[in-house]
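For reference, the structures are reproduced in the following blocks.
Two complexes follow with chain A in common, the first pairing it with chain B and the second with chain C.
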Partner chain A sequence: MAEATFRVFRGDKNGGEEVEYTVPVTEGMVVLDVIHHIQGYTDPDLACRWNCKAAKCGSCSAEVNGKPSLMCKTRLDHLPLDRPVTVHPLKAFPVIKDLATDVSWNFEVNKKIKPFTPKPDTDWVMYQPDVERAQEFRKCIECFLCQNVCHVLREHDKHDNFIGPRFLVRVASLEMHPLDNGNRLEYLKDEAGIALCNITKCCTEACPEEIHITDNSIIPLKERVVDEYYDPLMRLLRKFFGKK
Partner chain B sequence: MANSVGSLESKSKGFGATQRSDLWWLQPAATFAALGLFVVYATVAAFLAPGPVTWSPNEAASSALDSHTYLSPFYSPAWLFSLGNSIGFPYPVFAILWIPLGFRMTCYFARRTYYRGIMGDPAACAVAEFASRNYKGESKFPFILQNLHRYFLYFAIMLVVFHWFDIFHAFRSVDAAGNHEFYIGIGSIVLFADALFLTLYVFSCHSIRHLLGGGSKCFTCKDGTEKATHKTWGLVTKLNAYHGLFFWLSLFAVGFADFYVRVLVGHLE
Partner chain C sequence: MEKFETHEYDVIIIGAGGAGLRAAIEASNKGCSTAIVCKSLLGKAHTVMAEGGVAAAMGNMEGEDNWKTHFCDTIRGGKFMNNWRMAELHAKEAPDRIRELEQWGAVFDRTPEGKINQRPFGGHTHKRLCHVGDRTGLELIRTLQDKGVHSGIDVYMECTVSQLLKDGEKVSGALAYWRETGRFVVFKAKAIIICTGGLGRAYKITSNSWECTGDGIGLAYEAGAELLDAEFVQFHPTGMVWPPGVQGILVTEAVRGEGGILRNSEGFRIMEKYDPERMELSTRDVVAKAIYHEVKGGRGSEHGGMYLDISHRPAEYIKKKLPSMYMQFMELADVDITKGPMEVGPTTHYTMGGIRVEPETAATRVPGLYAGGEAAAGMHGANRLGGNSLSDLLVFGRRAGLSAAEHAQGLSAAPTVDAGQIEDAANSALEPFNSKEGDDPYAIHRDLQDNMQDYVGIMRSEDDLKKGIDGLEQIKQRLKTVRTDGSRPFNPGWHLALELRAMVVISEAIARGALQRKESRGAHTRLDYPETDAETYGKINSIAAKSGKDMDVSTAPLPQMPDELKKLLEDK
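Right after this comes the complex of A and B.
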């Protein structure tokens, strides 16, 4: 039976090391199978978060050969197995143990976003053309790969000033909701730090659900912020013709 | 079997550090080369000719602005060049070039391209850069000026109109007696391609997508009747999916069109 070598991060928040494992490879295997094999036959204390093994729960996010990926969706026959494959935890978040990271910062950020806010006397009728834009954002499985790959968080460590692509997607889904009456533009500019995003599209490339994060949520939000704060012509039009 | 292969602390620090094993550097390197080539060519070309670069099959007519067949797109619209000349611009071509330069520099796709390919911020996804806690993104000068993109868009739309007007000239010639007749040459096709790709690039822009409906809270509010903005937004959305392709095609087309007209005129001999 064919074998492949994997270098898996073992450690915690204080540091760690790569440990090399040799694992038998069978047809159809994914990286998560390798981790389960290691747990079953070599190191039962190897920590890893997983649940559905169907790319829908967003739990098994890691960095395979340096690329943020879902381990359950990364097939071995798509990897070069002639050299060791590295499996590391998400870099943008603190390691708890081995491949499990503490992503609780994301849940704290989520609480600060103004929730869905309908008008008091809302007529609860919606039409498909109005809701279809935001439906794409509902596909998000909160794997946080976009947060991990975003260089504002990953490299510049701006967790205090920037909410990251996942939550810009959430704000976009609310801002584009036809029955929402909340205004999050000031929040976007001053607290969410949307201007820190320099649209390098890594979040879009990393998204396993293929949400067009940059084109369909971040850029439209940036344009709305421009409408409100940087476009005197639009401000003048709003004054004469009322709010869009 | 498990073997320790060393602490991680000794690894992956500094610009370009990554665990990626694919050819991640290829795209930023190609971008750097392509953008660099265009910038060098456009700068040299802009300083090369004192007047608009025009060509006509009838040599007597080639220098007359109102009777040219081919006009290099760098000098379109010619009247703006003349205006720049009359108010004493040392290089009147810059009375025109600030429009495409401003539009492209603030374009969302171009920003992604040069942040990655030129500034390495980051060069590629999950690749280390010059990490700094002073990173300001587009929140401070000069990058806060990216918010002016829609104003450059308005001028770029005017530029599109003038490029199509030049296509009208590119398909006709003036004989010695001053009579206009239909003409078609390779340059006519080249200039047509330039106008076409510029149009597709401008009208697939993210700002125009927002202004033509994307900024609306809803498309059918109140009575369920679909507004025209849903159709315009839908059309631009379809084009927008290819915005990056149009960026490169139009960049190549405008450069090649200028090069072709210069070859005909003999500037590059």
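Right after this comes the complex of A and C.
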């Protein structure tokens, strides 16, 4: 039977190192199968998160050969197996143990986003073309790969000033809900730090759900913020005609 | 001994899937201090994998749908083994629960008139499943999650309950451990609701995520609750069969709802033989057995399944209505479902059995202990209809939250937690670290899965079931000395060693319930008793309860529905 060599990060917040494992390769195998094989036959205390193994829950995010990926979707036959494959935890979050990182910051951010606020006296009639924009954003499985590749978070560590692509997508899903009446523009400008995004589209490339994060959510939100706070013409118009 | 971190609440919910979140929202809304304790991150529970839709007689597509038809479909699909009152409440309340979700921000697919779109599904007379493409569970859990975090509920994520605590007969709290650190945490509570879902991981081929190890069912059993009808385990007819690593992953019934056709290796449309009236939209028990017989008869697909073909529908339509199926087959199996058939076969999917509860209040027989969702039993009888699970979560999650809140508010004083009990529970949880000679939990788990798959699977017989029960006895013995290597922080081997305790309990209840039920009904098929026995077994539920150290398996009379409901079933 064919074999492959993996170098998996083992360690915790105090540091760690790659540990080498050789595993048998079967047809259609994915990286998560490799991790399970290591747990089942070699190191039962190898820590990693996973739930569905079908790319629906977004738990098994890791960096495979340096590329942020869902391990359940990364097939071995798409990797060069003539050399060792490396598996590391997400870089933008602190390591708990091995491949498990502390992503609790994301859940704190989410709490601060103004929830869905329906228009008063709505009849709850919505048409498919109108809901599709919000539906695209609601596909998000919260794998946090976009957060992981966003250089504002990954390189510059601006977790206190910027909510990251995942939560800009979340805000977009609310702002573009046909029956939402909440106003999140001030939040976007100040707390969410939307201006820090300079549209390098790394998040869009990393998204396993193929959400057009930059084009469909971040850019339209940026435009709304600009219209509201920075556009002199709009300001003038508002002054004469009152708020839209 | 370490000093335990302790928290106190009116109501604790174990599990953060649809039922747990809905229960927590309700309890909190009633003014109770409420916490959810869940073993994964919030939003990752197995509900997220529900695909096809949530059943509710909204009548958006065809005006004549109503609760009575939904009730009749559910009872017929459950082969008359359902708790009639639960089926009635479910059918009546589901539409309100859907409207409520929409008001909390869920964005369902729409009809041309702007109403919630509904699709056909197996066993449902009308188009009844509200859906969002094929990712309805994600929509449901995200909506409840976002509603929940703004409802003042505390969430203890990646925190696993290992034992319930009691004050005399009453439930008084729970001992849990943080997965991250391995340290214990004590929860004091006036009421506890178990919403821990199913047990598919006891089987080798399953659509269930790692979490589905029957934890809450095991906790309730150990605390004195009864288990009901454990033998009814649903094998979903369409799981992936190839490649090996993805075996068992769900292929949504929505593929058939959208017109998918099942064919054998000879190109024959198999449901013409097994249910010519409903064809592919027959109930899951019938379709699963049809596939089993075709494969057994030598007419299986290349890798031992059936061919499921939707490629006659336009490619754009498939990508829109079944996007995650398209992606799943493209990326994991190199199959383009817009161009050719998928290979599918039965996979362990859902337990109709579980914790016995009062139909209206979701109360177990242990005061203060409630159960909702898949962990609770009765609603679905011998076979669950697709789409009735998500609606079950909402209807009975809410009811469990409501009754737990009332119970908590009715107590004059909080129950006390006993320090000795906590110490014992903690010591018990740490036993695997003290074992030096025992087996590795992964090895025991593999043997359990093989044992259940081989002897307590889709087709059963007395000989096989007895072998399965013998096998379980050996596994129980090995589990006593299960060994965990490494240390307490984030140690999956240790977690599995503790999860095996619940899996063994529920496995035994399934096997012994199956041995006791000498008939075939719904998802429970006995090769040695192929007929449905309305006279004897049609009138009894199976009960499993702890008696001393052993499991006592017995029967209880099936509650009989009132005449006006009986008449509904006769009318059609």
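Keep in mind that, in the parts below, the second predicted complex is superposed on the first by the 236 of 244 C-alpha atoms of A that agree within 3 Å, B and C clash if a C-alpha of one lies under 4 Å from a C-alpha of the other, contacts with A are read in each partner's own complex, and residues count from 1 in each chain.
Heads up, the rule we're going with is that contacts are C-beta pairs under 8 Å (C-beta built on N, C-alpha and C of every residue); 3 or more make two chains touch, one makes a residue touch a chain.
It should be emphasised that the depicted structure is a prediction, and the values quoted were computed from it without experimental measurement.
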**Prompt:** Which of the two partners, first being chain B and second being chain C, lies in contact with A:D45: first, second, both, or neither?
**Reply:** second
**Request:** Would you sort A:P80 into first (chain B), second (chain C), both or neither based on which partner it touches?
**Result:** first
Exercise for review: Could you look at A:D227 and tell me whether it touches chain B, chain C, both or neither (first, second, both, neither)?
Suggested key: first
*Considering only touches as defined above, state whether A:F107 meets chain B (first), chain C (second), both or neither.*
second
- Partner chain(s) touched by A:Y127 [first = chain B, second = chain C, both, neither]: both
Answer with first, second, both or neither: which of chain B and chain C does A:E142 touch in the superposed model?
second
On chain A, the footprints of chain B and chain C overlap at residues 125, 127, 180
So, in the complex, the side of chain A touching chain B is made of residues 7, 9, 11, 15-22, 38, 42-43, 63, 65-68, 80, 83, 86, 88, 91, 125, 127, 129-130, 149, 151-152, 154-158, 175-176, 178, 180, 193, 195-202, 205-206, 214-215, 219-220, 223-224, 226-227, 230-231, 244
Residue set of chain B touching chain A in the complex reads 1-9, 18-22, 108, 111-112, 115-116, 121-122, 125-126, 128-129, 131-133, 135-139, 143-144, 147-150, 206-207, 209-210, 214-221, 224, 226, 230, 240-241
Per the touch rule, the chain C residues reaching chain A in their complex are 40-46, 48-49, 99, 102-105, 107, 109-110, 112-115, 117, 132-133, 135, 137-139, 142, 146-147, 149-150, 155, 157, 180, 209-211, 242-246, 249-250, 324, 327-328, 331-333, 440-442, 446, 484-487, 489-494, 496
So, in the complex, the side of chain A touching chain C is made of residues 12, 26-30, 33, 39-41, 44-59, 73, 75, 96-98, 100, 102-104, 107, 110-111, 115-116, 118, 124-128, 131, 134-135, 138-139, 141-142, 174, 177, 180
